[in-house]
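Order of writing sets the chain letters: A, B, C, D and E. Residues in each chain are counted from 1.
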Amino acid sequence: SADAGAKVRIGSSVRSLFSLPLYVADQKGYFKEEGLDVEISFFRGGPPATAALLGGSIDLVAASFENQLKVNKRGVGVKTILNLQSDFSGALAVHESWLAGHPGKPDVRSLKGARIATLSRGGYADMALRYILQDAGLDPDKDATLIPVSGYDKVLAAAQAGELDAALFVEPWQTIAVEGSGQWQYVVDITRGQGPDVFKDMAYVTLQSSPAYLESHPQAAAKVVKAIVKAQGFIRDAQHLEELVQIAQRVFPDTDAGTLRASIAKQEHTFRPALKPDMIEKNMKLLLANKAIQDPAPQPSDVFELQYLKAAGVN
Amino acid sequence: MRDSSAAAAERPRQDPLIVIEDLRISFGKNETEAPVLDDLSLHVGRGEFVALVGPSGCGKSTVLNAIAGLIDARAGGKLRVGGRPVDAILPGIGYMFQSHGLLPWRTVVRNIEIGLELKGMPRALRRGKALDLLRKVGLAGYENRYPAELSGGMRQRAGLARTLATDPEVLLMDEPFGALDAQTKLLVQDSFLEFWEQDRRTVLLVTHDLDEALCMADRILVMSGRPGRIVREYDVPFDRPRHIVALRASPQYGRLWRQIWNDLRPGSDSPRGAAK
Amino acid sequence: MRDSSAAAAERPRQDPLIVIEDLRISFGKNETEAPVLDDLSLHVGRGEFVALVGPSGCGKSTVLNAIAGLIDARAGGKLRVGGRPVDAILPGIGYMFQSHGLLPWRTVVRNIEIGLELKGMPRALRRGKALDLLRKVGLAGYENRYPAELSGGMRQRAGLARTLATDPEVLLMDEPFGALDAQTKLLVQDSFLEFWEQDRRTVLLVTHDLDEALCMADRILVMSGRPGRIVREYDVPFDRPRHIVALRASPQYGRLWRQIWNDLRPGSDSPRGAAK
Amino acid sequence: MTALRSVAILRLALALATLGFWEAAVALGWASEFWVSSPGRIAARIVQQIRGGELWLHLAVTLGEAFTGLAAGVVAGAALGLLLGVSRRAGPTLEPFVIALNSLPRVALGPILVLYVGIGFASKFLLAFSLVVVPVMLNTYEGIRSVDQVLVHVMRMLGATRWQLFHKLLMPNALPWILSSVRAAVSLSIIGAIVGEFISAQAGIGYMLDVASGAFDITGMFAPLAVLMAFAFAADRCIVALSAHLLRWRAVNI
Amino acid sequence: MTALRSVAILRLALALATLGFWEAAVALGWASEFWVSSPGRIAARIVQQIRGGELWLHLAVTLGEAFTGLAAGVVAGAALGLLLGVSRRAGPTLEPFVIALNSLPRVALGPILVLYVGIGFASKFLLAFSLVVVPVMLNTYEGIRSVDQVLVHVMRMLGATRWQLFHKLLMPNALPWILSSVRAAVSLSIIGAIVGEFISAQAGIGYMLDVASGAFDITGMFAPLAVLMAFAFAADRCIVALSAHLLRWRAVNI
């Protein structure tokens, strides 16, 4: 057909481990097996990545589902065709300088008064942090100072400079911070199953595309989904950990292998492709709690395009 | 457009090329300030060589600028060159400014040839002409120097050569020999007169040197101090070519010299012969 | 450091303030090029008024620059001012350059007072002095103009006033009256001589005007063409104060004038009295 | 006078045409409101933000960071340029280091910047400063080198000390150069402040932009940008007016 | 000559002292290698990256983006500056729009840029271009306005057409100004390219920095920055040498 063997350009909204299935499908040749020539590019956050999708410089994008809901709510058609990572792979961690003045095992309530870093204001990490604080009975606007910092390298630096006490990380950064530097300690490690339920089995990052692309290249999209589903199966098999570390190192050449290993081991079970209607509810809950969106929630048919998963044998 | 020199000498007044009537120019922003030129009238015939003398700051350069079409100030009166009103820069006018105005990034020879370059003359031709003029003003050997490497008088001579290079119909010259020593001045004046006598271009020469005016011009206009006006006009009756030593000795020369000198003098005698 | 004028007039040679011996200066990068000055020697006594004449481009300005300590070229020979070798700019020397060098962003009066400002003189004092000088050079009424709004001769006069404002011990002047018409020149020369006769500063004046040299200087040095050397020296025997009209009539004046003129002349006579 | 008036009319026409075309393109569906917003929506949002009062706060924060950085950068740049132009040793010794350091892309230095100066005002100030200082330095240096040699000689003969030479000749001579670089530096200082705010901020136009972009709210991005633009433009006009005053002695007519 | 030599020695001494202090501070534990890396480690990493071959690729990508943007920006900026300085209508009409647009922080326009020009070469080129064009324009404009009025009159009397006036007088007169802005623009063009690569890239120094910062590998960040710095510095020296040649008629000695 017209798009067989076609070139497919996939963007990842951040250089992150949540796109591990893409790296695996690429490096283990699953895309090639499907006759696809895939090119992966990285962005600095959801907005430019989605812009690239809509502007036509990429065909598919790995971005947070929450991101898509916001876009949909503004009347732009972006569809999720696959769940890349089902659980939020984040963690709330606290720096040793704070712990020095607050002895005892840290919990969320003990962070009262702390300066806590998130990524950009209104982004996923920010919303997750607010949710966690609220869930523990703290008012995120009064009981703590939330400081948006644009990247975790800067979070580490700012904490080192004494301007931060805690941070909400996403993988692999909490592993770098806690296990790697030894200067941080977990408060809530969502990747390990701690924290509120909204972060579990909730479509954290999904593979999204534009209706125009899906209409013109249905077969390519189906093949991509098929290859990624296969890759996710590969990831979930604990025996493949060492191979996954090697694959991840190609994308994170400067990150230490032990860190990658620990991070992947924690989250490999979350790379599940299935999309379920209640995932929309969970994301909406988070968004509504942060007043980032207004009711009503969109219908699953508005945001999901499930035929590709079905074709790949997932439901 | 050119007359033979004989014909030109006969009818300078019948065929005025430059006509100024009641010219009034002021620079000040406020109307109350005295104008620089007020009711100034003059004419220069085709092929005539006219000298303009007057006290420093009286507006001689301003007159030349006006004729050249460079004045940007409030101006009134009538001003025509070759029958055309001067509302822009007219072609065929060469103007040697009071300051040399050489382009600092061009060597001497490239400064001299620039007028020809602008007219699109091929490189070899214009270079030849420029080198020839360069020799005539006594700058041989300095063709590849930059203006900053020249002495004051050498810059002035380069500026003269540049003005002559384009062979203009009308020549406006503002103290073209002022920075030259007496001997070099004679040499260069000589070169200039030689050039002039070939085609008898119309020349309006501003000078401070009465000897220069008397030796070179057909007619001398004397300007008053501010506001500038033509207060007196002298025909210079000497035959051409003129011999300066012989001229200086003649009583008519001395008489004319003293007359003009007295016209220029604002007041009474000082111990050193200057008004206080 | 100052002599009374009478004493100064008696012993100009005994107490030479400026001494140049075998000065050699070349600008070219390659050693083969002829130097601008070669084996030039001269001296100027304390309180003496010396004029320097010579053909355009012979190195007069270069000599003044050397005395002022401004030469940046390869130089050889001995050069002392007031007994001190000139290896930097010595204090107490005033230099009026060939080009006016007014600061374009300062008004005339602020240009004139700048030397005093640099010396830290209070505003009111220096302003008074500047306005006084401004009047003396005939620029009254123009104190608040910018240099771009002045005529060529007015700029030169402003430059002169600036140089005189600081009352320098030694005055180097490079054609200070060159851009002035004959009458204004006399006025300004007169002002200058008046200033000079107060304290008899040492003056070295470059000029192209033999009348100027003869009327103002105690001694006249004649330079040859490149390479520049002092080829002749004349004492000017006239008493001060000098009256120009009377001087010009005297046979001695005419003789001196013609002698210097001939010294300057490189070759034979042309039809117009200049060498070809 | 007529030329001036016709330029004013042309400007207005161009501005109206651009805004009109933009509004029409969105209204007619040629461009998506989601991505390009529209002048009407932006204006409405600005009004709303002004009513809400937050806009002035954020604007004040950003302009504060940018313009202190600008001021410090101009002073330091002019001083360095003078040093470079005048000193025989210190200037030429430092120059290659300044040039080399300046080529480092500031955006990439986030972590190190944060490590040493934190995420507060200082980081934004420093970024703005660092973008401003070298262009000003280079222009000051060239402005000094463009001085007429005769004027240098005149000043030295009049007994100017080295400091007076700077102060009374080289600085005024370099003034058109410095002012030109300051005009260019206005936008650089704003970029520096915004980059700093993107690294981390709790207020400022960069913060507003970050929030709006995270919410895919293009109108929300354009509204503060339009206000910022208006202020930067006003700053530029101030510099132009200042130039015209300081350089009133210059009569140019090409 | 001696001044020149002593400057060279001072420079070397300063460079060695800085690097030595840095290395020593890390070796003696005053600063943590994790945070500041060290010259030795950076050098080793550069060698390793050169051996691996990737460095040249990334460097070529970034310099390609930056320098095409620089070249286009200089040409466009000089042309705009000329237009502004010479035309009675077009230049003055456009000027406020250029100035206003220039004050927009480019970093904030990422999504819109990506939407319209994609994530390829064009986006980086445009960012570099957009940072370069206005500083060059402003300096060209001032360079034209700084022309000696007498020279304008001379050229016009010699019959110069408007184009010849540009070409033979105004351009050469503005040359020191343009060259000065080009020096400043080198680093701006690199910043533009890196910002573009940060939005999205598959190669380039910005990409390398992104990878390294994604692992908090300070050595990995400093190594490509050091190489980039060396090249930017070399570019600057080329411009300086070109200036010295083009402006050889200028004899300045302060």
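The definition used in the following text is that a contact is a pair of C-beta atoms (placed from the backbone, for glycine too) under 8 Å apart; a residue touches a chain by one contact, two chains touch by 3 or more.
Because the structure is a prediction, the values reported are computed rather than measured.
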{"item": "Chain whose average C-alpha position is farthest from chain B's own", "value": "A"}
{"item": "Pair joined by the larger number of C-beta contacts - A-D, C-D", "value": "A-D"}
{"item": "Chain A and chain C, separation of their C-alpha mean positions in angstrom", "value": "85"}
{"item": "Distance from the mean Cα position of chain E to that of chain A, given in whole angstrom", "value": "37"}
{"item": "Centre-to-centre distance between chain E and chain D (centres being mean Cα positions), rounded to whole Å", "value": "16"}
{"item": "Residue list for chain A, restricted to those that touch at least two other chains", "value": "47, 50-51, 54, 151, 153, 156-157, 160"}
{"item": "Residues of chain C whose C-beta touches two or more other chains", "value": "99, 148-149"}
{"item": "Touching two or more other chains - residue numbers and ranges from chain D", "value": "35, 110-112, 115, 149, 198, 213, 250-251, 253"}
{"item": "Each pair of chains that touches, named by its two labels", "value": "A-D, A-E, B-C, B-E, C-D, D-E"}
{"item": "Contact set on chain E toward chain B in their complex", "value": "148, 150-151, 153-161, 164, 168-169, 172, 175, 247, 249-251"}
{"item": "Residues on chain E engaged by chain D in the complex (per definition of touch)", "value": "3, 6-7, 10-11, 14-15, 35-36, 85-86, 88-89, 92-94, 96-97, 99-108, 110-112, 115, 131, 134-135, 138-139, 141-142, 144-147, 149, 152, 165, 170, 176-177, 179-181, 183-184, 186-188, 190-191, 194-195, 198, 205-206, 209, 213, 216, 218, 221, 225, 228-230, 232-233, 236, 250-254"}
{"item": "Contacting residues of chain E [partner chain A, same complex]", "value": "34-35, 110-112, 114-116, 118-120, 198-202, 210-217, 220"}
{"item": "Parts of chain A lying in touch with chain D, wherever the complex brings them together", "value": "45-47, 50-51, 54, 67, 70-71, 74-76, 117, 120-123, 126, 145, 147-151, 153-154, 156-158, 160-164, 292"}
{"item": "Footprint of chain D on chain C - complex, ascending", "value": "65, 68, 70, 89, 91, 93-95, 97, 99, 101, 103-106, 114-115, 117-119, 146-149, 162, 166"}
